[in-house]
Amino acid sequence: MKKVLVILLLAVLGYYTAVTFFDIGFGQPHFVAGVKPVKDIYLAKTVKPLTVSNAVTSIVVNFRGFDTLGEVTVLFLAVTVLGSVLYKKRHAVGERSVLFNASSIVTAGSKLLFPAIILLGAYVFIHGHLSPGGGFQGGVIIATGFLLMLLAYENYSVSHTALSIVESLAGITFAGVGLLGFMHGGTFLQNFLPAGVLNNLFSGGIIPIIYIAVGFKVAAELTGVIYTVLNEKGESNG
Amino acid sequence: MNTIYIIFLIFLGGAVFTYFAGKIHKVLQDILFLVSILVPAYLFFANVEIGQNVNLTLGGISLSWGINYFSWLFSLIVLGLGSLAAIYAVGFMKGEKRRGYFYFNFILSIMAMTGILLSRDLVSFFVFWEIMTWSSYLITIYNGNKVQSIGIKYFVFSAIGAYAMLMAIVMVHHITGSFLIGDMIHAYPAMALSMQIWIPIMFLMAFGVKAAMMPLHVWAPGAYSNAPMAYTSVFSGALSKMGIYGMTLVLVTMVNHIPQGVWFREVLAWLGGITAVIGTLWAIQQDDAKKLLAYSSVAQLGYIITGIAIGTELAMLAGLFLAVMHALFKGTLFMVVGAIEKQTGTSNFTEVTGLIRKMPWTFLSALLAIIALAGIPPLGGFVGKWMLYESLITSNHYLLVIVIFFASTAAFLYCYKFLFGFFMGQEEKEWAHVKEAPAVMVLPMLIMALFMLVLGTFPGIILNPINHGLQALGYADSYKHLWDTSIILNSWGNKVVLQPILYSIAGIFLFFIAFLTWKGYKNTRFISTKDISSSGEVPKEDENLTFSVGFMQPFYRAVEPAMRRQIDKYYNAFADGLEATFEFLRRIYTGNGQTYAIYVIVFVVVMLLFKDFLF
Amino acid sequence: MIYFILISILLLLMIAASVYSIVQKDLLYAVMATGIISLILSILYFLLQAPDVALTEAAIGVALTTIIFVITIRNTVRMEEEGESKEKFKSAVK
Amino acid sequence: MVGTPVLFIAIPLMAAFLIPLLGMIWKELVRIVPGLVLTYLLILSINLLDHVLAHGPIVEVIAGWGPPIGINLVFSALSGFLVVLMEFLGLLVWAYSYRFKRNVDYEPALKYFLMLMMLITGSVGIVLTGDIFNMFVFIEITSISAYGLTAFYKGRNSAEASFKYVMMGSVASTFLLLAIMIIYAQLGTLNMADIANKIHLMNPTLKIVSYIFFVTALGIEAEIFPLNGWAPDAYAEAPGPVGAAFAGIVVKAAVYAIIRYTYTIFDLSGTFNFLIIIGMITLIIAETAAIRQEKLKRMLAYSSIGQMGLVMVAFGFGTEEGVFAALFLMLNHAIIKSLLFFSGSYLTYNSTDKKISEVNGMSKFLPITSLLFALGAFAIVGLPPFAGFWSKLAVMTAAADSNMILIMALVLIVSVVELVYYLRVVNRVYFYKKEADVKPKRPTVNALIVMITLGAIILLVGFYPDAVTGLLHKASAGLMDKTQYIHNVLSVR
Amino acid sequence: MDSTLFSYLDYAVYGTAVIVMLIGFYGAMVKKSLLKIVIGLSVIDSGLNLLIVAIGYYKGGTAPIFSQGFLENFKSVSKMTDPVPQALVLTAIVIGFGVTAVALALVIRLYRHHGTLNIDEIKNLKW
């Protein structure tokens, strides 16, 4: 009964949603006539004043950098909330749940892979303004590196203090750069560094700095998330 | 600063300081309490000039405070009775725990009533009206959790009334763009017919609640009888008059201007008449003096409503005179009951008897008040009722006269019961220790009794201000023609000096009482109710053989079928049904998160389906 | 042409995976199916010329989300319980 | 000018990132710093509001890109008023929850204050932002903090409440994103003023669908009737001060969002009637649900929902008077409901169930708290001379001027219901015998100061409404003037 | 041939995205297990993200990256896919992850408290 009702409701909802998007149209210009979409401005300005190769990066970090600040905050909050929800007085380290008993091949392999993953992650976020990828992607990759280590080694532990210091410093860097821009150029997150040459590593002004900060922050936060959840050994798990 | 501001400041500050003074010293609290009632009362009568308004703007709304002759008349009731009741309250509340609470609300309700009378605009009228409601509500529930439902009933009815009034107020504001009463009166004749009808109805709802008019009276008996008696005298005596005040204003300033006004008047008059009958019949059946007086208040308010609803000069005079009288005698009677309750711990006739020698002064004031209530000359009640009958007859409401006459005759039964139940009868050992109430309590009662005596003899003292008040409302100067319009007095000649006749009647009456008392005193044998050895059967300890038990049993049997259908029950059934519906409704919140998510989808889907209709 | 077939297959696979993830009683498999959805998504993003998003989806959707799901399953129960329990009736009566 | 609107976001974020470090230096700092931040922001907001009232709205661009390109923050009389209100309440909530529970460890305390600060920041962000996607981000910040705060206490059913909230919140964000994308796909912009400027070009069907999605998404946060299943649970299970924050801050932000969309962005006909309908349904259902509650906080929660419904109704009149009334109502509700939550938390401090019967006879043990609770109860049902009366009068006046007589009657009838259940509780507090196993807890000094402050404000507004009406009139005029808003924002370079 | 196929794709991508969303909704609203509900929510997110990215797509467009090759060959930005939805999706994905993590933490808490994941038995708060 309930299922049928839900299916019916969803059918109507789906119909309207689909029709709406069919109206918009796929793969062709869909903006209303007479409207100059901001994406054109973004694309134009990405090259000229910003000298960033990756338009997504320029949007994420500069045009809509405020969103990114909020997004980083969301992750930060998620870690905080996770810690708060799963908080219990810590008894001892090493009581975390083990997903599988890693063989020596896995452990050795992980050890080998770990630096490579970290390097990849760093590369991704340092080159965020030049190529696909950026702070988030790089941060996530680094976090997966830690995840690998956490899974492979039963008593591998990440210092909570270190994580939170990295996280805080990265966050402060982001917000601080924004405030510097505020003091320098009058608006928050103003790009106050020299633009450089397109497709050079040192280009795009504050964008790489912010993306590096974001990378560190995301890495620390996601590692924190995994670590917190992993440490949550199910007590009533019969 | 204008005196009006000073009055309100003293009231407000007095209320707050009185509340907290209890933490310092009890006597200080009493003194502050009296000061914060009596000083404003003095200032009011000494310094507030009639017809002078103060204007102020609050929250973008222009308010206006001032007084005219008509409201001055009611302020006599409020502040006069309020002051006396305040003095009484000091004695009554002695030794009670929550005195600060009581005093605080007492002062506030007096302030609110004064404010109502001073209001020349609807917003401050409403504000003071609501303050009056909640302060009196807070006193009503003074006696603990048993009266919670009674208090809530009172508040709910008041709120319904007040909100109806609020609706009327904002509609008036919508039409006139102003909250001033003067503007409303001015604009009323030009309003659309539906507004002309609905606005008075809504106002009358509010005033009808406070005046305990028939379908809206169900809160009154409980609230009157359960509030502390020191307040009930004000509650029944003055607060209910606010309803009368408002009703008069509505009737005179609005209803008079439309042709349908006749119907308003007829309906109101009949509602008043029915209220009187029902109240009286219920009053007779009570064994508790507080309840009895409460119902009797309802009945008396019925007369008053009838009087002002008829609306001829004579009827208005009668109604307003009765209003003043009612404030006096009902105030006194509630004080009497309070004194008895204070001294004996109960107010039940079937328990307390034979107090006449224990509390003679209380008895005296009760006697005078009862005489006034019953409308026996030479006290004021007679004058009022006389005028009421006459106005009814002269305006051709013969059926209504019968109804009112029935009610007022039946009232004798409970008057008798009250007087006899408490003061006459055997003296029980149980009450042997009972002493007269302290002077602060007796004095206000006696003062009021004196007033009743004076008013009965010289009704002109109060009829003159009423006349002034009515003139302020636009009535012709009727007082000097009063005796012209009076048929019966007219047949005796235009200039009858009433006083000698009344006094001779009273003198003979008193003489007989004195004679009988003196005669009977020698032969009286004081026995307990348990001491009925003559009948050969010895009653058990717990049997209540006070004669008040089953008093007027045949009468109950006669009216029992009519009494069974209480309006109260319908209201209760309605409320229960409503709560059951609510209980059912809130099960929408099933506690299951998925259900809530489905609600979201339902909401979206419904909106999507009806989107062309909605937007 | 290949592009078209590829996209069609991916889309169909995605629907299949999502249905599987909802229907499957073994939560571990269901979670794996969500991982597969993310994987397909990330390929689709590439095809839709969104490499940044593809990278993010691959890292977050495939790796991280799946792993915290798995950890949660380890901490709770693996199999989905049947809805029809006696408790339900009792609570309904209450 | 002493600062700009962006500081309302930047400074708390900075502080949030800093606090874990500061906590390593001295643990007490995690409790103190949010208070300092909120105090500074309150002062800043008052200064800015003062400036705005004198010189017109401040539009701040971020990252140096003018409005259609970059994100901008708008500090007008309306948003300024709400920001002041939120920062003020936030400060009070902070002060109240400082040492609310004595035995809270360092780490939960750190997280509590972080989440609280982010809750306030997110709400302020919703109000300030001039960009629809940015609003989405702030809504998420607010929601996630709210999830965490709801689930803060262990050993109660808080996780259940929070989970429901998460479910609803996820659905909300889905619809919100859909709506945003529909608008973007049509107009190619995300800036509110720009959208408002171009909305007439949009395909009408798509416009309606996107409005519906917006209202659904924001309605979940704003507790509109069929969407508010999470609300009573979350209010009841969150810590007492957080309940106040929900009622006073989060819901206000969500209502602001709906109003911004309805008044400024969309130009649909019928939206006002729609607001009245859903507001009325919300009001009626919530108040009738409240009357049968056995738990104090749930009752307050339903009452809060109902009040929000009334706010919707008032906004639905579509006149400046109606907006004024609604804003007044929002102000009063924020103050009064916070007071009720604050005092109610102490009345049921040591009980696990928070049953209404457990407040019986508390007046003897907690006289001031009880008095303030009673004051709040009287004020919220709109009894004069307290603050609630003026807003009720304003709502009624606005309704009468819009000729909505039926609405007036319904609202007033519902008010009677509201009156009944509040009076029942007050009666219990004052006139019932205390239950034997209930242990009253004296409020801490800071909690007492907070509650007395709120009580004083209620009295102040009650006796002297002019203290706020001028500001509210300006704010409502600002909301009504759509072209001026568009002009203000788009003229900034 | 190609054009008709593409016109089929016009509907296929959006359609799939919507269907995936609906499947997610179904899971979140019908399935009794809390974990299944969270899975459903993340499936909704997947569909939604696909939908958003699809909006930004232009047929024959390139990724919005000004690589050396692009600058030499095209010179016109109109051949680029819309970067804005991509940027938004980036944010949405990260936020979605945060919410999922919170939801899962709550699931663990609920399991500890109730010993079950059946949502019908976790109804202490109602009415």
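Labels for the chains are A, B, C, D and E, by order of writing; each one numbers its residues from 1.
We take it that contacts are C-beta pairs under 8 Å (C-beta built on N, C-alpha and C of every residue); 3 or more make two chains touch, one makes a residue touch a chain.
Keep in mind it's a predicted model, so treat the numbers as computed, not measured.
Shared contact partners of chain B and chain E, listed by label: A, D. Chain nearest the geometric middle of the protein is D, using mean C-alpha positions.
Of the two chain pairs shown, A-D and D-E, the one joined by more C-beta contacts is A-D. Averaged C-alpha coordinates give centres for chain D and chain E that are 30 Å from one another.
Measuring from the averaged C-alpha position of chain B to that of chain D gives a distance of 44 Å. Computed centre separation for the pair chain A/chain C is 20 angstrom, with centres defined by C-alpha atoms.
The distance from the centre of chain C to the centre of chain E, with each centre set as the mean of the Cα atoms, comes to 11 Å. Among the residues of chain A, those in touch with two or more other chains are 2, 6, 10, 13, 16-17, 21, 24, 30, 37-39, 42, 54, 56, 64, 67, 70-71, 74, 77-78, 81, 85, 132, 136, 225, 229, 232, 234. Touching two or more other chains at once are residues 6, 9, 13, 19, 21, 25-26, 28-30, 37, 51, 54-55, 57, 63-65, 84, 86, 88, 90-91, 94-95, 97-99, 101-102, 104, 106-109, 111, 120, 123-125, 127 of chain E. Of all residues in chain C, those touching 2 or more other chains are 50-53, 56, 60, 64, 68, 72, 75-76, listed in ascending order.
Inter-chain contacts occur between A-B, A-C, A-D, A-E, B-D, B-E, C-E, D-E. Only residues 1-2, 5-6, 8-9, 12-13, 16, 19-20, 23-24, 26-27, 31-33, 35-36, 38-40, 42-43, 46-47, 49-50, 53-54, 56-57, 61-65, 81, 86, 89-90, 93-94, 97, 100-101, 104, 107-108, 111, 116-118, 120-121, 123 of chain E touch chain C when the two sit together in their complex. On the chain A side of its complex with chain B, the touching residues are 2, 5-6, 9-10, 12-13, 16. Touching chain D in their complex are the following residues of chain B: 57-60, 123, 126-128, 130-131, 133-134, 137, 141, 144-145, 148, 151-152, 155-156, 159-160, 163-164, 166-167, 169-171, 173-174, 579, 581-583, 585-586, 588-589, 591, 593-597, 599-600, 602-604, 607-608, 611, 614-615.
Taken together, the chain D residues at the contact with chain A in this complex read 4, 6, 9-10, 13-14, 16-18, 20-21, 24, 60-65, 68-71, 105, 107-108, 111-112, 114-115, 118, 125, 133-134, 137-138, 140-141, 144-145, 147-148, 151-152, 154, 159, 162, 178, 182, 185-191, 198, 201-203, 205-206, 209.
Chain contact summary for the complex, chain A toward chain C: residues 54, 56-57, 97, 99, 124, 132-134, 136-137, 140-141, 143-144, 147, 151, 222, 225-226, 229-230, 232-234, 237.
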